[in-house]
Each structure stands twice: as C-alpha cells, then as structure tokens.
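Structures follow.
Shared chain: subunit A. Partners: subunit B in the first complex, subunit C in the second.
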Partner chain A sequence: MAIVIDKSQRWRGFAAHLFLIALCVLVMFPLLMVISISLRPGNFATGKLIPETISLEHWRFALGIPSLGPDGQMIKPDLPVLLWLWNSVKVATISATVALFLSTTAAYAFARMKFVGKKAALMGLMLMQMFPTVLALVAIHAIFSRIGHVFPIFGVDSHWALVLAYSGGIALHIWTIKGFYETIPAEIEEAATVDGATPWQAFWRVLLPMSLPILMVIFLLAFIGAIIEYPQASILLRSQDKLTMAAGMKQFLYAQKYLWGDFAAAAILSGLPISIVFILAQRWMISGLTSGANKG
Partner chain B sequence: MSMPQAFKRFFHPALMILLGLVGLYIVTLVYATGESLLACVMLVTLACFIWIYSSPKTYAYRYLFPGIGAALIFVVFPMLYTVRIGFTNYSSKNLLTFARATNYLLEETYRAEGATYNSTLVAEGSHWRLRLEDADTGAAFVSDPLVLDPGKPQTLKPQPLTAPLPGEEMPMKDLIEHQSFLKGLTVLMPDGGQIRMTGLREFAPSRMQYTRNPDGSLTNNQDHSVIRPNPKSGFYETSGGEKVQPGFQVDIGWKHYVDILKDPGVREPFGQIFLWTITFAALSVMFTVSLGMVLAVLLNWESLRFRSVYRLLLFLPYAIPGFISILVFKGLFNNNLGEINIVLGNLFGIKPAWFSDPFLAKTMILIVNTWLGFPYMMVVCMGLIKAIPQDLYEASAVAGAGPLTNFFKITMPLIIKPLTPLLISSFAFNFNNMVLISLLTGGRPDILNTSLPAGTTDILATFTYRIAFEDSGQQFGLAAAISALIFLMVAAISFVQIRATKITNDDKR
Partner chain C sequence: MANLQFKALRKSFGESEILHGIDLEIQDGEFIVFVGPSGCGKSTLLRCIAGLEEITSGELFIGGKPMNDVPPAKRGIAMVFQSYALYPHMTVAENMAFGLKLAGHSKPEVAAAVQRAAEILQIESLLDRRPKALSGGQRQRVAIGRAIVRKPGVFLFDEPLSNLDAGLRVQMRVELARLHKDLATTMVYVTHDQVEAMTLANRIVVINQGRIEQVGAPLELYHQPANRFVASFIGSPKMNFLPCHLVSATETGARVRLEDGTVLAAGADARGLAEGTALTLGIRPERLLAETAAGEGTAKTSVIVAEHLGDTVFLYVQSPGGTGQLTVKAQPENPLRTGDETHLRFPAKHCLLFGPDEKTLPRLL
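What follows is the complex of A and B.
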C-alpha cells in the first residue's frame, strides 16, 4: 500500500468522516427522539427537542401503573402494554419451540437419510420461502375461522391459531440446520449405531447435543420472527387483551386518539430487549445475514 | 416369548390402531358439523400419519412428517386455497357456506298468535325460577329451580303459581348477559301451548319460520311462500327474485378476473397500484443498495479511524423491530405534531404535508424504507468487498488511478454479479412489503372516485388486505383473485432469481 499520505488523501478522510457522522446523526435521530419524547410531559410536540422537564407519566402508562386523572380519580391506562408484551412473548416462545422441533427432525432426514423425493422436497422448501404468507391472508383467515367453528380454541382470536399459522414457516430453518448437520462428520453417529443405537437415539443423544449452538440461534430467530410478525397477527387476533405487541402498537397513533408520548415509552419498553436479542443472535450467526434472511 | 417382548411387539401396532380409531372418531365429529373440507384434510393427515409411522419402508419420512406436514397445511394449502377462493363470491354478504346459511334460515322463528307472557327470573338460593305472567289475564306460572347453563337447551314445564315468590328479581343488566341461555329455553305451558323468548322480559308462542322441502326449497310457514337457493347469486330467492339474507358462497368462475381486466372501478386502481408497487420496489432496492455499497466501501478503507463505531451505529436500524421503527417514523413525520416538521419549520419555515399529498407520501415511504434497508445491503457488500483480491487495487494504484476509478472499474463490477440474486430477493421482498405500507400510511391518501378502498401509496399486497379486511364489504373473493395474480408475478420474479443464482454459482466454479 502507499505509505505516503498526501494532502488529497487527508481531505478525503475528512470528507468521509463528515459524511459518516452526518449519516449516523440521521440514523440516531429517530432513536434519540423517541427517548426524549417518552420523557417529556404531554402527548403533543412542544417545540423543544430536548425536554425541559422530565416526566415519567408515559412510562407509568406503558407499565400499566394507574395515574391521577384531571378529575382526581385514579385512571388505569386503557392500552394494556404489558399484557401485549406478555402475549407476544408467550406466542413467540411456544411457536419457536414448535419450529425448533419441526425443523431439527426434518433437517436430520435431509442431511443424513436417503429417500424418494429428497431433491424435490428441498427445492419445494426453497420455492415456498419465496411466496410470502402475506398473499394468503384471505385463505388463512378463512381457514382459521372455519377451524374455529369446530375447535374454538384454534379459531380466530386465539393464540393457538397464531402458533399453528407460524408453525409452517420453517423452510429457511430446515435449510440452515441441514447445512450445519452436514458440517458434522456422519462417522460420529455411525459409531453410535455400531454400538447398538437406533437412528433416533443417534439423532437425539449424539447429533442434537453437538448442534446446540445452531439450535439456540434458530430458536432466537424464530422467536424474533414471531414477535415482529404483523400481518397474520393483525387478522387472526381481534380482542384488545389478546393482541400481540406488533398487532396492538398502531392503536397508539390513531388520528382521533394520538398517544405519541405513551407510544414512545411502550416502543422502548418492547423494542430494546428485542433489538438486543437480535444483535446477539446475529453475532452468533454472521453467515445468517448472507443466507437471504430478509427482515419483516 | 417372555411377556415384555410380546408387549413390545404388540405395543406399536396397538398404539397405531388406537390412535387411528381416536382420529377417525374426531374426523367423524368434525364431518358431522358440516366442515367437510376440514374433515377431509384431517383424514388425509391421519392416513399419512398411520402409514408413515407403521410401515418400516417409510422410516425417513417419520422425521419429515411433522415439519413438512405443517409447512404443507399452513403454508402451501392456504396459497392453493387463496386461488380457490378467487373463484367464489366469498364476502361479507356471502359469508356462510351453503349448509350453514340453510341452518341459519331453518333456525329463524316468528311470533305466532297466542297469549303473551311477561317473564322474570327470580332468585332462589344459587338457582333461579322463571316466572311467567299472562299479559292479558294476569295468571302466573312458575318453573322448577334451574341453573343458568348456556351449554344445553332446556325444556321447562311451569306450573300455576300458588304462593308469591320471596326471592329477588334478576336486573336487566344480568338478563342481557344470560340472553343466550334464555333463548335456548323451550317452555311447555300447562294448556299445551309452546312458548319461547321473544324479548328480554317476554315469552310468547313462536314457530319456525321455514320448513325444508324434499327438493331443497324452503317453505315460509308464515305466508306459505317458497324460497329456493340460487347457485348463481348465492342467495335463497323468492319466486319474484327477491334475495333472502344471509347469502352463501358459490362459484362464480372467472368473474373477478374479468372485472380486474374490464370493470373500470377495479381496473383503474389496480393498474395505478401495480405501477406504484413496481416503482416502489425498484427504487427501494436502488436507494438501499447505493447507500449500502458506498458505506461498505468507506468502512473497508483501512486508514479510516473509528470504523467499528460507525459500523455499529449504522447497523442499528436493522436490529430494531420493523413494526416499532415504522410507527416511530409515522409519528415523527406527522403533519402537525411531528418532530420532523418542527425541525423543518424552524430551519426553513416549511411544513410539508407528508400524509395528505400523494407525492410527499411516496417520498416519505422511500426515505423510511431506505433507512430500514440500507444496513442489510451494507453488511452484505462489506462481505463481498473483503473477498476482492488486494493486488487489484495495488496494480491500479501503480497505474495512478484514483478512488472513483477504483470504485467504478474494480469494486462495483466485481460485486454486482454475486449481489444480483440478493437484489432480486430484496425486490421481491419489497414488492410485498405490506408491513411498511400498512403501518406507515395505510395506503392513504386514497385514490378519488373508486368504489374499492384504494390508496395512492397502496401496493398490491396492502390493496388486497384492505379489500378483504378494512372495507365493510369484505370482498374476500376479489382480494383472493388479486392475490392469485400476485402469486404469478412473484413466481416470475422467483424464476429470474433462480436463474441469476445459478449463473452466479456457475461463475464461482
């Protein structure tokens, strides 16, 4: 490389820093604004970007703590933020567990076994991934309302319906886990089989414990995927106390009921943990980004 | 053979038979409720389950069955079912299946002639008695104590009241709550008359409105007219052609597709939205990839300081859940109350109407989508640039080339090819980026003079969503037909993508 740093290079560096700093400001502006908005009193913009007085009213709202209303009565916040958060965590935990179970077993067969239709099935999974479920919302709604006529627990406005709807979206997970299994030499399981283990035991006792890291990553990705999923949650969940965070958040910003400050507090409350988990999951699987994981 | 071995040998088949019988029983129950499609899917699933888990030849499929089954039932089947719905008139007017609509009509009652009774529920311990008083004669009757269990319909046989009832009457508020229970009651009066609930505090003789005839038509018991199901309109109709609610779902062939092509009320918004969908997806890819690529080049510049700080900060938009950052922007861009307009107002004295002007709304969508999408492109490009051999740049430095020449002659040509499949998948993603549009603008501002809910910022996916779920007409059939067309477009994009991926992979070898 060139050792001599001439004048134009120094100018170039200066310009690059200027550009990057400007961009960082643009990127950070909304995030810092949200923190400021969640701490300033009132739900309307005051004209000052940095709040002069710090108020915790929005945080009380987000945490569901009753506050003193204008008429002297204790008012309970009318949007159950913590309940929505709990619903999201519940649905996401169950559906990530289901997704993990479904995809690890299927990936094992794809990585280690020979069967008719293997290539076609793998190709089919890849194709399936290309058609977003957004396009089948009408059918998904129709299917679950019909299931609901017979089994109300799996019908519209039930968390189990959402878990079932999410359980099918495992094509990408199967591909990822299959790729990981293929990096583990099959001889290890073969040794176990020679010692008298059934294929299931070889899978459950030998292969799975060795793939723990990838299983953690898949669990986290499925978990985050379920938490941030909006279209299906918005059509399958109806009543206020069944909503997940993603389906409920927009209720803060209706024109006739504009709760900007309360929204900011709720956004930080739910967004911060999810973002941290996401960054951790990405660190663990850097290759996951290039394998086509698009964000929803 | 010892006992445990015999047990082991017979346990598996016995379990399979047991599961099969339980499954068949449930399928029969489902079929009996009239949901034949659901019963059919369950039967096929059950048959596959029994076959795969009992035949030794299908061992590998035992591992595949749960995952592939879930994917087939909850991803592939809904897509096929969408295409199917596109050929029906399924909408809020024609919501029910034929069997359910018929049952609905057969459960209708009308008020027949006879004595009317004022009813009250009187408490007796934890039970209640139904007290009935003839509105004309004042004769009172009372039932045995009953439990208010809405689960099963009951038949009561009240007796003439001999002594006044001591308990308290149920207030109106609770009556409303127990309405469904009261509606299920059939009361046989001592004089042989049969009465039902006709108002919250009133019981009167009521009869079934319709009787089914062997040929499938229904006779109205009140005026003895006959209504027949019309498989074309999806309604029961009187001889005069008058439609009787509720309607039911019927096949209407290619009508929705013809409408999309010919009916100006559908065609014009569809065409306009289609153009914007493509523009939006293409511009989104262009903006995110240009910004991402420039940043990747800068952040790969070794003599630049604080690179890791920049990288972390610039990666943040990717880590924040989309539904949160999109809604944050919705608030920040708000015409009157948003912080962005406050800043613009203070600096330049302008207040752009981001949400009511179509062009500004589109601009805002692209700004937000670029903010959301560039980190992904940046990370991808950084990985690709790292793979470019360093000696290429050394050679160009010897030749005296500047950074711009390097970028356009070396970096870009070398990474654009492996980037192409990702660009196409990003295009496909944005083509159906419903979350962004429906959370940010909801498709608004709306296109004027259309009967369908259609907005200037709507993309095809949100257009179908609004037709199906936000419009009072809930035209599921039309929405499904448009979805089926989008399937075709996505299929075309995917085909191009697979080709591009193949070319890239062939180049690598």
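What follows is the complex of A and C.
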C-alpha cells in the first residue's frame, strides 16, 4: 500500500467513498424500513424510520404468541407463521440438496464426458431457463395434478410436488458448476483413473472435494431460490398448514386490509434461515482448494 | 515387471491421425525414452499405453497380454504426469495411499507401502503435509511415490522434469536413474529434452510426426543417425548441415563440392548416386575445425560471434558460400575472435552425407 498517489487522485478517492457510502445507505434503507414497520404499533406502511413507540404486537403474532385482545381475552394468532417457516426450510433444504446432486452429476457429464448431442443439450438447457416460470404456471399445475392421480405424494398440495418442481430448475446451476469443473485440470482425475478409480470414484473422491466452494454457492443459491419463490408455491400448495412462508404471507395482504406490520415481521423471519445457511456455508467458500495439485 | 509390444498401433482424433502405425518392442526392465518435438505424438503414445486414450487400430501388449480394451487400473502401470496431478485435498500420505486403498488393501499394508516409498524418495518428513505446502521438487517426488507404492510392471513418465528449474532437473534426473537401477522395472519416459533422453535411456525412440524415426542406444543415435531428422534432433549444440553436390563416389569414400566451390572428402558410400546429385553434409560442432591458415580441403569464411565459456569456445561462423550459420565447438586455446577470418576443416571420418531422401548414406570410415 505504498504506491505514491498524485494529489489530483485524492478527491477522486473521496468521491468514490462518498458514492459507495450512498450506495450502502440505499441498499440498507428498505431493510431498516421493514424492521421499523414490524416494530411500529398498527399496520402502517409509511411513517418515521425510527418508531416513536415500540410495539411487539406484530412479532407476537408472527411467533404465534397469544396476545391480549381488546375484550380482555387472550387471542391466539390465526395464521401459523412459524409452521410456514418450517415448511419453507424443509422444502428449501430438500430441494437444494436434490438440485445440488442433480446439477453436480449433470455438470460432470457435460464437462468431462463425450456424447452425442452434448452441445445441443447444453444450449437447450440454457434456452429453457430463459423463459420465466410464470409463463408455464398453467402447465405446471396441469402436470402436477396429473401426476397426483398416479403418485398422490407428488400431487397438488404436497410439499414433494414443490420439491420436484424446484429441483428441476437447475439449468443455470449446471452451467455454473460445469464452468468450475473446467478450471480443474483433467489430469488429476486421470491420475485417479490410473490409480484404479472408477469414473464414479474419480468424481466422488477427487473432483467433488476440490469443488466444495462452488457446491456451497450452488446450494445457497438453490436454497434462497426455494425460500423466496412465490408463483409455483402459490399454485401447488392450497391448505393453510402446507403453505410456505412466501405463499402464506400473501394472506396478510387482503384486498380490504393490508397488515403491513405482521407482513414485515414475517418477512424478517423468512430471512433468518437464509442468513443461517449462509453463515454455515461460508466456512467452505474458500478459494485455493486446488492449489498444490499442479506445479503452481 | 513387464515387457511391452506395439503392433501397427494407430491413433486418430476425429479425422486427423496422430500416430501412423507404431511397431516397437520394449524389453522387461528397460528404460525407454520417447523423444521428439512438441506435437509429434509421443505423449499420445504414452497415454495409449496408460489406457487414457483408446487405440484406434493395431495392438498393444503389456507382459504378453493384449491390453487394447483393458481399463488403466488393470494394466499394471503407474503414471507420473507432467503437472504432477496430485490430489490437493489429501495429505502426501493419502495421495500415495489412494490407489492401494481403492484396490482394497488393508490399512497396515497400505501404511507399510507408503512408508517404504517415502523412505526411497526421502520424503518421510512430508507425509502429513498437503501438496500446497510442498515445493516443486517435493511435489514431483510425491508424484513418483504415488507411482512406486503400486508396484507397477511399467512406469510411465510424461515429461516429469519439465516443470522444474535447471538445477533441480539435473538432481531429479540422477535420482530417476538411481530409482531405475534399484527397482529394475520397465520405464517409459517421454521428453522433448534430448539431454534427458541421452542421460537416462537404455534405448531412445525418436518420434517425428507420428512415426518412429529411429530406435537405438543413445550413442548409437548420436554416431549413426538414420536420417537427417535424428541427426539434427540428437546432440547439443545441433549438428551442422551444409548443402553440397556429389563430385565422385568410390568404395573408399565420396567427394562433394560445397556451395563456395570447395571440394572435400566424406567417409560415406555414395555409389549409386549420379554425379551432381544434391546432398547434405552433416558434421557435429566438436568435429568441425576452425583454423587460422588455409590448407588442403579447407573452406574460407568468417567468424560471426565467438563465445568463450572457459572450458570451450563456441564459434558461430558463416556457412561457406551460403547464408546459414555453422557452429564450431573449439578448444579454449583457439585464438579466433569475433570478426576474424577462418578456414574450416571437415575431417572426412566425421562427415555424414544425407541423400536426397534425407536418409544417411552408409558410412565407410
């Protein structure tokens, strides 16, 4: 850090800092606003950033703690927010795991194996990913309702249907992992092959351990994607106790009445599992796992 | 312990054929070096032996058994890669144990084999380290160790020293020679460095554009190259080549005329070739003499640059009558300096003649 800097460069540094700080404020503002709304008495979207009085009514509601009603009786919250959160975490964990398994193996085939139609398949994956899922909602509903006739466990209003639907959206993950595999010299797996490893062993015991950082990134992306996904969850799930957080929270927003406070508290709750998974995954998101394999 | 045999082995990638029919036998316990310029197919041939590339046609035998369709692990080979290809997430000990573990050996067996290999390569103190924490030379040893523990019938080396610095390369070269003596296992070694080939090999296989040019002991290739390619590839500095024309040929030798008109004798049998045939004269730098005075059969030219290395002097001289440059490896006492006039003497005994087909004419002296 001892590079000599021209004086005229200094104001640029100052301006850059100013810009970055402004950007941070801009990014942080919505989050702070949501926290503020969740702590404000009543359900108002507008108001001061720092609430004048702090009320925990929305948090009691979100966490399912009974509160004292206006008639002096204890009222139990009517919506199972914590159950939704659990549903979300369950679906997201399973679908992210399945997506990870499918995308790592598929990416291995695309990166390392030779087969007819490889290029077309890769392009096809990319093209399909370009259409938003919303466009296919009708089809998705029809497909799962039909599947439900044969395999009820994968039918509409089942978490497994959602897991199946989410696990299919891995085209982008395949591309990402394939790109990572291609940075790993094939010689390492060839060495394993000469050492007596089957293709599966070379993949499982040599390539995957070296790919840990990208696997964690993909798991995280798939997990976040499943937690925040609304359209598919809203058509594949019906009963209130099966809803995921994203689908369930819609119920706070009636046409006649927007429960902004409850909505805000629930929104913060739904961010919780994402933060926890991120903190856990971060440990493995380190670079340089492959260093030392080659001459370096 | 195993011998190797290639029968009309061919390898193509799509339309382009890389190896055009390789016929070769490698004896048990031999140290064979494949040498050739980059892209000549030597590495591909090695990968065919390892089973990392399918053989397009022809046959490969290892230890007398056909191996065309046998997977790498079952060929009884071990390979050391140019880039070492260590497993970065395993310790040195785990790297070396990986193959044995996969083969289902018991833990004590594996530990003993790793220990033995580590002792041979003097890397016992590194067993718990990851490859990341090793120097280039140490990584190379681990890669060799990984090959040793499997007790293969054939060792395959793919340019194993090319990533090391000059000093380490010499040291590892000596160790490889010692290793071959101790293990007495067949070793197939690929390199583009003719010095490694000359120093390590029992026999050298010179490959060019997917074909074997010559197979023989290092000095045999040096003194009796089969053609111009082998003559130019083996030896450093390179052999000098001069265009010339045949003047006369007898049973005792041939007389040729250089481009500047000098007529000189060469100990080669050029009978059967017509007078005036365009030939190439080849002479090694240490055999070409640069003298200060003219004499019988000398060619007059000038010194472009003189390099004094202490024990030798390299004189780069103008090719007589031509535009090229010749190298003379002279004694340190040689008085010639840059820019001096000199007279080149070509001792007949050391002059090789290459025919119009680039093949070496039979030597007579």
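Quick note on the criterion: the second predicted complex is superposed on the first by the 231 of 296 C-alpha atoms of A that agree within 3 Å, B and C clash if a C-alpha of one lies under 4 Å from a C-alpha of the other, contacts with A are read in each partner's own complex, and residues count from 1 in each chain.
What we mean here is this: a residue touches a chain if its C-beta (ideal position, glycine included) is under 8 Å from a C-beta of that chain, and two chains touch if they have at least 3 such contacts.
The shown structure was predicted, so the numbers you read here are calculated from the model rather than taken from an experiment.
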**Request:** Tell me which of subunit B and subunit C touches more residues of subunit A.
**Result:** B
**Message:** Looking at A:T133 after the superposition, I want to know if it touches subunit B, subunit C, both of them or none. Which is it: first, second, both, neither?
**Reply:** first
**Request:** Give one of first, second, both or neither to describe whether A:P273 is in contact with subunit B, with subunit C, with both, or with none.
**Result:** neither
**Request:** Applying the touch criterion given at the start, work out whether A:A109 contacts subunit B, subunit C, both or neither, answering first, second, both or neither.
**Result:** first
**Request:** Quick one: classify A:V34 as touching subunit B (first), subunit C (second), both or neither.
**Result:** first
**Prompt:** When the two structures are overlaid on chain A, which partner does A:Y258 contact: first (subunit B), second (subunit C), both, or neither?
**Reply:** first
**Request:** Residue by residue on subunit A, keep only those touching subunit B in one complex and subunit C in the other, then list them.
**Result:** 289-290, 292, 294-296
**Prompt:** subunit B touches which residues of subunit A in the complex?
**Reply:** 1-2, 5, 9, 12-13, 16-17, 19-20, 23-24, 26-28, 30-31, 33-34, 37, 44-45, 47, 49, 98, 101-103, 105-106, 108-110, 113-115, 121, 125, 127-128, 130-143, 146-147, 149-150, 164-165, 167-171, 174, 199, 203, 224, 227-228, 230-231, 235, 245-246, 249-250, 252-253, 258, 260, 263-264, 267, 270-271, 274-275, 278-279, 282, 289-290, 292, 294-296
**Fill in**
The answer for subunit B against subunit A in the complex is residues 29-30, 33, 35, 37-38, 59-61, 63-64, 66-68, 70-79, 81-82, 84-85, 90, 295, 298, 301-306, 310, 313-325, 327-332, 334, 337-339, 342-343, 371-373, 376, 379-380, 383, 394, 397, 403, 422, 425-426, 428-429, 432, 434-435, 438-439, 461, 464-465, 468-469, 476, 479-480, 483, 486-487, 490-491, 493-494, 497
**Complete:** In the complex, subunit A touches subunit C at residues 185, 187-188, 190-197, 201, 205-206, 209-210, 288-296
**Asked** Which of the residues in subunit C end up touching subunit A in this complex?
**Response** 50-52, 71-73, 77-79, 81-89, 98-99, 102-103, 130-134, 136, 139, 146, 150, 163
